[in-house]
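Note that the chains are named A, B and C in the order they appear, and that numbering of residues resets to 1 at the start of each chain.
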Amino acid sequence: MIRLEKRPQPSQAWTTFSPLLAVFLTMVVGGLLFGMLGASPFEAIRTIFWDPLFHPNFAAYSRPQLLVKAGPLILIAIGLSIGFKAGIWNIGAEGQYIMGAICGAGAGLAFYPSESPLIFPLMLLAGLAGGWAWAMIPAVLKTRLGTNEILVSLMLVYVAETILASAASGFLRNPEGMGFPGSRNFKEWGAAHNGELIANTGMHWGVVAAFIAVIAAYVFLSRHIQGFNVRLTGEAPRAARFAGVNPTRVVLFCLGLSGALAGAAGMFEATGPAGQISIDFNAGYGFTAIIVAFLGRLNPIGILLAGLLMALTYIGGELAQLMLSLPGAAIQLFQGMLLFFLLATDVFTNYRIRLSRKEAA
Amino acid sequence: MSDTLLSIRGLTKAYPGVVANDDVSFDIQKGEIHALLGENGAGKSTLVKMIYGLVAPDKGDMSFDGAGHAPSKPSEARQAGVAMVFQHFSLFDALNVAENVALGMENPPAPRDLAKRIREVSELYGLPLDPARMVGTLSAGERQRVEIIRCLLQDPRLLIMDEPTSVLTPQEVEILFETLRKLKAEGTSILYISHKLEEIRALCDHATILRHGKNVGTCIPAESTAREMAEMMVGSSFATPAAHDRELGDVLLDVTGLSLPQQGDFGTPLRDISFQLRAGEVLGLGGVAGNGQDELLMALSGEYLTEAGSVALKGADVSRHGPSARRNAGLLSAPEERLGHAAAPDMSLTENGVLTAAERQNLTSNGLINWGKAQGFAETVIKTFDVRTPGPHVAARALSGGNLQKYVVGREILQDPEVLVINQPTWGVDAAAAASIRQALLDLAAKGAAIVVISQDLDELMEISDRFGALNEGRLSAPRPVAELDMEQIGLMMGGAHGMEVAHVEH
Amino acid sequence: MDLSSINPVLLVASIMVSATPILLAAMGEMVVEKSGVLNLGVEGMMITGAVVGFAVAVNTTSPMLGFVAAAIAGAALSLAFGFLTQFLLSNQVATGLGLTLAGLGLSALIGKPYEGMKSPTLPKLDIPVLGDLPVLGKMVFSHDIMVYFSLALVVAVWAFLKHTRAGLILRAVGESHDSAHALGYKVVRVRLIAILFGGACSGLGGAYLSLVRVPQWTEGMTAGAGWIALAIVVFASWRAGRVLIGAYLFGGVTVLQLNLQAAGANVPVALLSASPYLITILVLVVISARGNHGAPAALGRPFHASH
């Protein structure tokens, strides 16, 4: 009989190795899945993981996309991971992302067509504030009344989506857009445009922010006493209270931070790659970032790598759609599977597998 | 051998890294009370789990009334006639008494009949219980009654009792003993697990003594001295803490009218607790578990805030201050639950040092933790308090209970507290380690600290306290000098027999 | 605004229809939570049930087979959750989220060919006598069988938990797995069965959406219904009767806001479409202000029998 035996302490090796094993297993099972859908498994895996970076015809287009897609994923996942470490489950980052985009865009459009250099910083502040405020709703409800933050933050995603719909077709609609839904295009307004900083790299301010967030989160979690308190709260809430950590402040901080970062990501996206606020502006980054956070083991460096990998699957998925006519949803499933395998292989970090004879004689 | 009920031959059970039972053999006669004696970790629990079918032995066999006994699950053991009263973990707070009883039976009767039978049996054995009461609202003694009645309803031939008196007042213990003797008179055998020697001498016919998983001897308790049994149990003699003779200084901790509403569904509210504590003094607080011990510690440590003016430290009101502020002012504490409250299980000893010592030991600057310094502190604690561990990088949960307890106590003592509040300092700790922890507390008091020791071990409290008070349903009896007290007075302070006065055992 | 266009008989009838998917899913999740497991994958299992039920009903032209297949699909998905959380001891919150994400992807993949198709739907039952009653007949006695099945399920779950030994064991496992284990009950087995039951119920709820309520397959069609079901369990303080009340309340809100939109009420459309979600939040707030009583004590805590 197979038995699990708790390790005296978490295995360092497995902490690193289990995401790699999960990626491998996902490739195997995903390959089989693609095979069932009528594509050659090896070709599909190569199209998803290799071609976006090295294909002679497509790589030039898809390489910059890597940073474009990874930027928001990493930025959001960093915020989420700090909350997850504390046992605070903000799963409404998608909503905070939308609200950040709407607030950021709205704040800028109020000054259209000013070319002041303050426009973009102002929009960033508004984006941060929008996401932060949206996340404060579950935070305050949780700290004041003990309301479950998972359900509230998630419900607010749907609310944000209806606000997005009315923003795109109502209060932020381009007055010169001939009645079509969607805001003004920021790519045509220099002061508000979050363009590429280095040509053909995909690097924009949002990507810069993501890298800064990775470094800051790393220092915060490993060196700062407040980061220690966040970890302690997640590991042992009673011990945290005993140490003197104020749980209310941790909740407000974690939800606020993750909301603000998601909001910023939304604002960078609206003013950059997306270019405008439209009804289907959100692409599910807020949900995928949850996978990124776990895949990165809630560790900032891990999240950086996981974000890049997940971005690769997005681009590779589009490519596979184009070249192998695999359905787009297959990639979504592929990403979900990745999270599943990661959670499954995680068992090895804390447990040893033992083969033993049956307990009962 | 028709007089033998349970015969155990060569039972062996190994877990990775430890042999819990090594070739254990002994017999239990029909109608006797047989003691199983040993320190924490001697292998008593594993042995009874094998008898009860929770764990399968690696080697050896058992026979029950002449027939082979190898239960693969508890229900088989129950069918054979083995019943067990657990020390922990077998009751459900949110279910009522009758439901709890039904869960422990193989074929429970219909609910109405069951309620009737519970009343009958509880009357018969002097253990009054209302079948409709929610178990979470019962006192520790009443909870134990639920377990006993659950067993008795199955007419067991062998009743296993795992440390039954640790949750009882002295009066309740007497009543329990009456019940057990009555059962014995009716022909039921009882396997009585304990490390309390006087109890065993008063109650048991034979004793089997385990040490490090081995049967190291048997004796007739009534004919042995406590000293002899203790030496068999521990294997060596150890120093008892030095007698204390201290000068008392100023009042350091002044608690006045401290009250706390009930926390959670099954917590105990604190009611109007007052006491003063002087420098160099050890105040022992006894009481049956669940009478407000946790709550009192948390109200003193600052985890629960109480009304202004209720807790004063060196004359300054700290009742509205959190744990960090109180620590900085010199009030330190060590909660009962080591894993999860006093320490974070998955964090290293170094990190667990930072948990309470960050500020008093200057382990941070500008908010950044100096990990080198933190490790140094952890190493000092490990060395000074003889914590057996490969090093400070080890996770707290990897330590044995006794070693972690030494670390947790050491962590607080090395921060030079002026007032230390400690709950269950030696719970689950082996005798030698317990003695060294008690000595460390006495040394601390000798240096002029004031100490509140909350414990359910009366012997421990008598040994190290200057004054004694008891908690009962969140109230504290007025502390009195230990020298003036005898067992009966202590029992009364602990709240009498929780309604057991009304019970009469029929002989 | 023309409120006269709202017919009270049809209103009540459509409330019952719109509450049924949430009721089914919430009943299942309640049993799961009673056993001490928090499965946040309801949304994913519902939508998988919706697409599988739809596909099978289209291909076999039998809506009943569709429901059966949906229940199996939901249970199969929940088995993955059960395996991860019960055997590999993964974090229940993360695994439940993963289940939802995977379910959304899986359903989109399966459902691609079925978009825009029509499926056979369940016939309305023709109940003699009761169905002919004035007003009441049309209001409550002329629904399809799943509506009555869901109501029967409420009674069955209630009776199971309250009056059977198996129900008692399930509650005991959810209260304290350590105690239940010490008494010799198979904690993992009990929980797995509960998880499977929950998955099957979620699958049925999803199929009711795609086969009766809408009836059509569109990607992401559950639109948070699974999350609302989770909220209803909290709202109901883990009691079957209150789950029924909760589900019908939400059915009412959903139908009412649709009717108001149709009637051209003088309220912003965005506010109306967001109202089910806003009201869910509101209800959660009210409930939590009162205190979350009745939650199984071991809810969400992993169990590993060490010795």
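The rule is short, and it goes like this: contacts are C-beta pairs under 8 Å (C-beta built on N, C-alpha and C of every residue); 3 or more make two chains touch, one makes a residue touch a chain.
As the structure is a computational prediction, the values presented were derived from the model and not from experiment.
Please indicate which chain is farthest from subunit C, where distance is taken between mean Cα coordinates of the chains.
The chain farthest from subunit C, judged by C-alpha centres, is B.
Give the chain pair that accounts for the most C-beta pairs in contact.
After tallying contacts for each pair, the winner is A-C.
Could you grab the centroid distance between subunit A and subunit C? Build each centroid from C-alpha atoms only and quote it in angstrom.
The answer is 28 Å.
List the centre-to-centre spacing of subunit B and subunit C in whole Å, with centres computed as mean CA coordinates.
45
Using mean C-alpha positions as chain centres, tell me how far subunit A is from subunit B in Å, no decimals.
Chain centroid spacing, subunit A to subunit B, equals 47 Å.
Of all residues in subunit B, which are in touch with two or more distinct other chains?
Where subunit B meets two or more other chains at a single residue, that happens at 53, 55, 73.
Which of the residues in subunit C end up touching subunit B in this complex?
Touching subunit B: residues 165, 168-169, 171-172, 175-176, 178-185, 293, 296-297, 307 of subunit C.
For the complex, give me every residue of subunit A touching subunit B.
On the subunit A side, the touching residues are 5, 8-10, 223-226, 228, 231-232, 235-236, 238-244, 246, 358-361.
Which subunit C residues qualify as touching subunit A in the complex?
40, 80, 83-84, 87-91, 93-95, 97-99, 101-109, 112, 219, 223-224, 227-228, 230-231, 234, 268-271, 273-274, 277-278, 280-281, 284-285, 288-289, 291-292, 304, 306
Please give the residue numbers of subunit B that touch subunit C in the complex, ascending.
15, 46, 49, 53-55, 73-75, 86, 89-95, 99, 102-104, 108, 265
What part of subunit A is in contact with subunit C in the complex they form?
Result: residues 4, 6, 89, 91, 137, 141, 145-148, 150-152, 154-159, 162-163, 165-166, 287, 290-291, 294, 327-337, 339-340, 343-344, 346-347, 350-351 of subunit A touch subunit C.
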